[in-house]
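Below you will find the structure I want to go over with you.
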Amino acid sequence: MKRFTKMVYKDSDDMVFGHAKFPVSQHWNTQIGAGYVVPEIKVAPVEGSEETKEGMVSECRNITQSACERAVSIGLPAFMVEQEHIFQQTNNPDWTAECTQVQSETLEKYYDEYDIRVSLLATPADIRIEERDGLRGSDYDNKIMESVEASAANGASCVAIETIGGKSVSDYGIARGDPKAILFGIGVLGSIDMEYMWKRIVDVCRKYDCRPAGDTDCAQANTAMFLAGGLLDKDCSHTLAALARAMAGARSLVAVECGAIGPLKDCGYENPIIKAISGVPIATEGKNAVCAHSDLMGNLSAAVTDVWSNESVYHREEMGGTTPEVWLQATGYEAALMNTAIQTGQEKILRDLYTLTDKYRDPQALVLAYDNAYRIGEAIVKYGKDPYLRARAAALEAGAIINEAVESKKMYLTRFERDSLDHALNIFEALPTESEQFTDDCIRKYSRKISEFDPKSYEL
Amino acid sequence: MKRFTKMVYKDSDDMVFGHAKFPVSQHWNTQIGAGYVVPEIKVAPVEGSEETKEGMVSECRNITQSACERAVSIGLPAFMVEQEHIFQQTNNPDWTAECTQVQSETLEKYYDEYDIRVSLLATPADIRIEERDGLRGSDYDNKIMESVEASAANGASCVAIETIGGKSVSDYGIARGDPKAILFGIGVLGSIDMEYMWKRIVDVCRKYDCRPAGDTDCAQANTAMFLAGGLLDKDCSHTLAALARAMAGARSLVAVECGAIGPLKDCGYENPIIKAISGVPIATEGKNAVCAHSDLMGNLSAAVTDVWSNESVYHREEMGGTTPEVWLQATGYEAALMNTAIQTGQEKILRDLYTLTDKYRDPQALVLAYDNAYRIGEAIVKYGKDPYLRARAAALEAGAIINEAVESKKMYLTRFERDSLDHALNIFEALPTESEQFTDDCIRKYSRKISEFDPKSYEL
Amino acid sequence: MSYDEFESKMDQNFVAVRYNVEVEGAAIKPEEDLDVQNSLPTDEPFRSIALSVLYEDRDASLANVQKALKDKIPPIEIINNGLMKGMDAVNILYNKGFYFLPDLMLAGDGMMEGIKECEKVLGHKSETKGTVVSFVAEGDPHDIGKNMVVMFLRAGGFEAIDMGRDVPIKDVVNAVKEYNPLFMTGTALMTTTMTAFPKIVNEIQKEGLEVPAIGCGGGAVRKDFVESFPMSVYGVEAYHAPKLAEAILKDKKTWKDLRKEYSEIVGEFVSEYS
Amino acid sequence: MSYDEFESKMDQNFVAVRYNVEVEGAAIKPEEDLDVQNSLPTDEPFRSIALSVLYEDRDASLANVQKALKDKIPPIEIINNGLMKGMDAVNILYNKGFYFLPDLMLAGDGMMEGIKECEKVLGHKSETKGTVVSFVAEGDPHDIGKNMVVMFLRAGGFEAIDMGRDVPIKDVVNAVKEYNPLFMTGTALMTTTMTAFPKIVNEIQKEGLEVPAIGCGGGAVRKDFVESFPMSVYGVEAYHAPKLAEAILKDKKTWKDLRKEYSEIVGEFVSEYS
């Protein structure tokens, strides 16, 4: 497996929304990262639709058709539908097959009739449960691969997944503010598990006209981000969440190293780091994902995006239409603004405005500003061959970025943020420089404390 | 009453979001149009809350408190809550009093604790019904003024209203594609009724620390816009809707002429025209109002805004929080982008990107692009003293703008749009140049056809 | 930085596409359409009457009808073979996307004008497919949707009783007693007025009355709300109203059927979300 | 155009305000807080035990407890006068905003370690305020919210039975039989898994069982959904769980009361929307 030891982008200033060094071509005349931003719409199936295959198929049809109708009604040149599978879909690959088929047929109809560029991203669920049969070779594990294949075979433009390797340990660490557990969970275990999953996913996709898209550290860095919450919450320190995010860059990169080509999945707030390193197009979410959650970087996360997503919304009716209509319009109009900027040559200005709007809103935003994301990327590739060391380097760099901003009086921290940052950086600096030693340490420490954690799941 | 016969802005390029020639100061340290854009949140009371005063008061408290919490949680420097009254509130001024009071107390608490700039806009409902007791001197009419006073006396920062004068006739005209009825309804009847209403509203507000804000042609131009719908709808021609919007500029200006100082109300898509003429700050809505409706100018309508609104949303729960939280975050983040542009001196570029994103999406957008809005403003002030002639001039100018864009192959029209535009312009050109003659004509023609229309309601 | 300079650089196709322009068909004269030709009467005076409706000419419609009545053509025939045929042709063109709402409204005005004239001679209301009662919920002033519903119902051959807007609940219940309607349509644009619907149903039930279905629609109304009480069906587009009425009339559909088969009955995809 | 140049021009106060920094109080040592001082025991070995919990030191907690047990201090006293007092102090600081979740989790770990040690000597489970059963809905892998709930319940002196995630409905029902809990908490993060809640209630009722209340919370769960079936109350924040349990225990509140008085019971504003 190829590991990244050099940056594909040579300068952070070369990164901008709608452009990736390595654009992706999909069927239905869609290109990602090829000079225009594609809006994405994602809708969570309504309660009860999980009861039967028919219910789920009908949900998928309705969501897709509504999105198509609104797209032509407001004049969007392109859009992507993502379907995040629920447990039942992945666990029953025939559900996946039928759902994907009805969605791809619907999209194709509009593509034929209006010449509108459309795209379908299928995201099978990672239904493995570490404490039940482990992560490797279980029934669940096999079902995931069957579901990936069912997606690819039935017309999905691309496939993504949110793998959960290392989550048992990082969850423990996030809830307790334990930086070492977070580093081990994300940097080591997460990376190991991704390699296991992604080699197989890429192989499956290559058999079809379907692109292996990407992964996200939702299970870990996003858990930290959601626990961190708003400015006045007190569950997880925002500086620690920022470090977790930086580490997630090192982890989620593994998908690309295994052959994923993008767009990397929307909820991967670490994606700008990976774009900087690898040049693949990315999906991101922010101010048009308020339906799903509140982040502190709603504009900043658009700066270098290629696919702009609403994350996820209840499937129901607003005064302005059904939610697939309403939220596609939201992401569609923002993408239109970005595309206007590209067309008029002002994309870098808009990118910088997006970035500066949030850069100092929160340390989590700060480290993902594209220039800082680039710096974290550089720290990662410097230790590119070693997943542990590169995740550690990412965290240390993120810490340095925050400290510099504090020193120059641009970023202000609370005591909780300040203390937990110092604590984490001290620990990280003192860690062994040998991956093996760190791993052994951690296995010893965390197998005892965390009942779900099973080293065998990582062939350790 | 002073009529505008000159433009306050000397050049359309001087107009930009967050800045108005005549900024408005309100209590709680809020300025409108004074160099920053204020996000607005508006939530429709939940079904059932209309049953009792307690229910409505509790809705108002909850909406306001949720908005406050989210604002500090994501770091918004300022925001405005608008409460659009339902029938029961206006019809029972004691409801208005209590609702306004609980909202202003809540806002003040946060202002005191966090130093956050807050603002409360109360919008009593125009509950008059032309075919029942007419528009003047009815019980309903009196209740409206009592409700305005109850708002002003209980802490509202400002008061707005959506007056409905002329609606009976314009409704008839919009549904039938009858340009003359639309001109009469909006330009003549609407303007007459606004004068009647606004002189009184301004007098009431001046007694308190409460600003007379503005009106909107929701009853007429928005009805045309909603009937016009999306690109593929076939209810009302989009060119005719564009002319109706231009006429609305001439009509809604009357509020300012009577002493309203802004921000003009969010759903007045004609507001850029009035800002160009009069220099008052405006509220607008667009891409963050998709919860309420679909327009074809989601970005363009932000170009010269001062208060950025979500229009209105159901009061309920999203995954990302309750709707007051979620949608304030949406408008708040867009306002933050605009404020970043202002701070970095890039506001005109962002303004132009907003505008160009939608300028050729639809004729309705085209005529409201700030440069074209300015042209329509010029047409209006040229005939500034005569409400009929200035509305007609506005429509003719809008028609000219569309035709120029078509000739230069930037705008493409459908046959329906083309035909109805030609039809309307022909009619408008042939109309008498004397207001009285036109009015007499119309009274004769439409009293017969429209049973609700009662000339006495306009003292005609 | 100059705005025009920006504008000149843009390839609009990456920003906004006017699909309406792209899909537009060629212009035709109304009576050139084959289906219209087939539906228009060939013999006079019916053809002229139908054409005056088709051409949305209220005055011509009135004049042609008056002339026919003077010629002792039975009013029922004028209505059925002339006015209604014209309206059928209008509906055909609307459904094909050649005609638009204003065409329907104006043609409808012409048709109604003719019908009224015929009824004067008849001495009573003419026979229609059935009676539908339409109202706007109590407390709600928004009435354009309702006006459209009424117009579409009439264009579809139903007698639509227009109760206006802000209609008190008891008046609606009384209308049920008075007209025993085949179908009812209620429109509400606000969350705080749509609550009138379940109250109306409740009163109707209390009085031991029944309506095959009450179509409830309008801006703020949600399907899940409408389906939370009985006797109702969620109405999406105004032109669905006659189709729903038709389904009740011809196929004896109940409100339960209408809910389940809505999409098939109105003959097009309707966004579903629950 | 240079990004740095832009940045240097900005007055952040018009873009984003870090209210958390603005409202932050001065740093203090935990035991300097007056309320903490009042709640900490003054006599040994309880003070040391309580302090080791307060300082989130699992090893010290264990060591201190072991020493006390060796000194024949009754385990019940160690728990009530030492470990729980330490946790009370932690709760005080959390509620004041000086302590944060990790502090609670770690202090909780220390407390649990000590309690386990005492229970070894006791030979049975120690007395708690009451038993609460916590689970994540069937089909749902998201368990952090549930973990927090469990932790807060334990910190509040309740015995929380942690059933884990993706818990089959029948297992939940069996747990009701087995533990006859005072309160139950269910967590679901997805629209398609929260449907387990009404099914569970249904089964519980079928078996003729009863639970005073089932708190249902988690990401995608909505209040209106939770209130559409009986026996349930919508849970907002994890730290509300012990307060709800307390209200059931002390004031005999039912699920109906909890719904109505939620905000008063948890002692803070909670966004309402229906």
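General remarks:
First chain written, first letter: the chains are A, B, C and D, and each begins at residue 1.
Assume a residue touches a chain if its C-beta (ideal position, glycine included) is under 8 Å from a C-beta of that chain, and two chains touch if they have at least 3 such contacts.
Please read these numbers as outputs of a predicted model, since none were measured by experiment.
Looking at A-D and B-D, the interface holding more C-beta pairs in contact is that of A-D.
Averaging Cα coordinates per chain places chain A and chain D 30 Å apart. In terms of their C-alpha centroids, the spacing between chain A and chain B amounts to 40 Å.
Inter-chain spacing, taken between the CA centroids of chain C and chain D, is 58 Å.
If each chain is reduced to the centroid of its CA atoms, chain B and chain D end up 48 Å from each other.
Counting partners per residue, chain A has 44, 46, 48, 72-73, 75, 231-232, 314-315, 319, 321, 325, 336, 339-340, 344, 346, 349, 352-353, 356-358, 361-362 as the residues that reach two or more other chains. Residues of chain C in contact with at least two other chains: 6-7, 10, 15-16, 18-19, 23, 220, 222.
Taken as a graph of touching chains, this assembly has some other topology, since it is neither a line, a ring, a star nor fully connected.
Two chains count as a pair here when they touch; such pairs are A-B, A-C, A-D, B-C, B-D.
Looking at the complex, you find that chain A touches chain D at residues 13, 44-51, 86-88, 127, 129, 131, 164, 171, 174-178, 223, 227, 231-232, 234-237, 314-315, 348-349, 352-353, 355-362, 371, 410, 412-416, 420. Interface of chain B with chain D (complex): residues 35-36, 46, 48, 58, 62, 65-66, 69, 72-73, 75-77, 113-116, 315-317, 319, 321-325, 336, 339-340, 342-346.
If you check the complex, the residues on chain D that touch chain A are 1, 3, 6-7, 10, 12, 15-16, 18-21, 23-24, 27, 94, 97, 99-102, 105-106, 109, 139-141, 143-144, 147-148, 151, 164-166, 190-195, 220, 225.
Of all the residues in chain C, the ones that touch chain A in their complex are 6-7, 9-11, 13-19, 22-23, 219-220, 222-224, 269, 271-274.
Partner chain B is touched in their complex by these residues of chain A: 44, 70, 72-75, 229-233, 286-294, 296, 298-299, 312-314, 318-321, 325-327, 329-330, 333-334, 336-337, 339-341, 344, 346, 349-350, 352-354, 356-358, 361-362.
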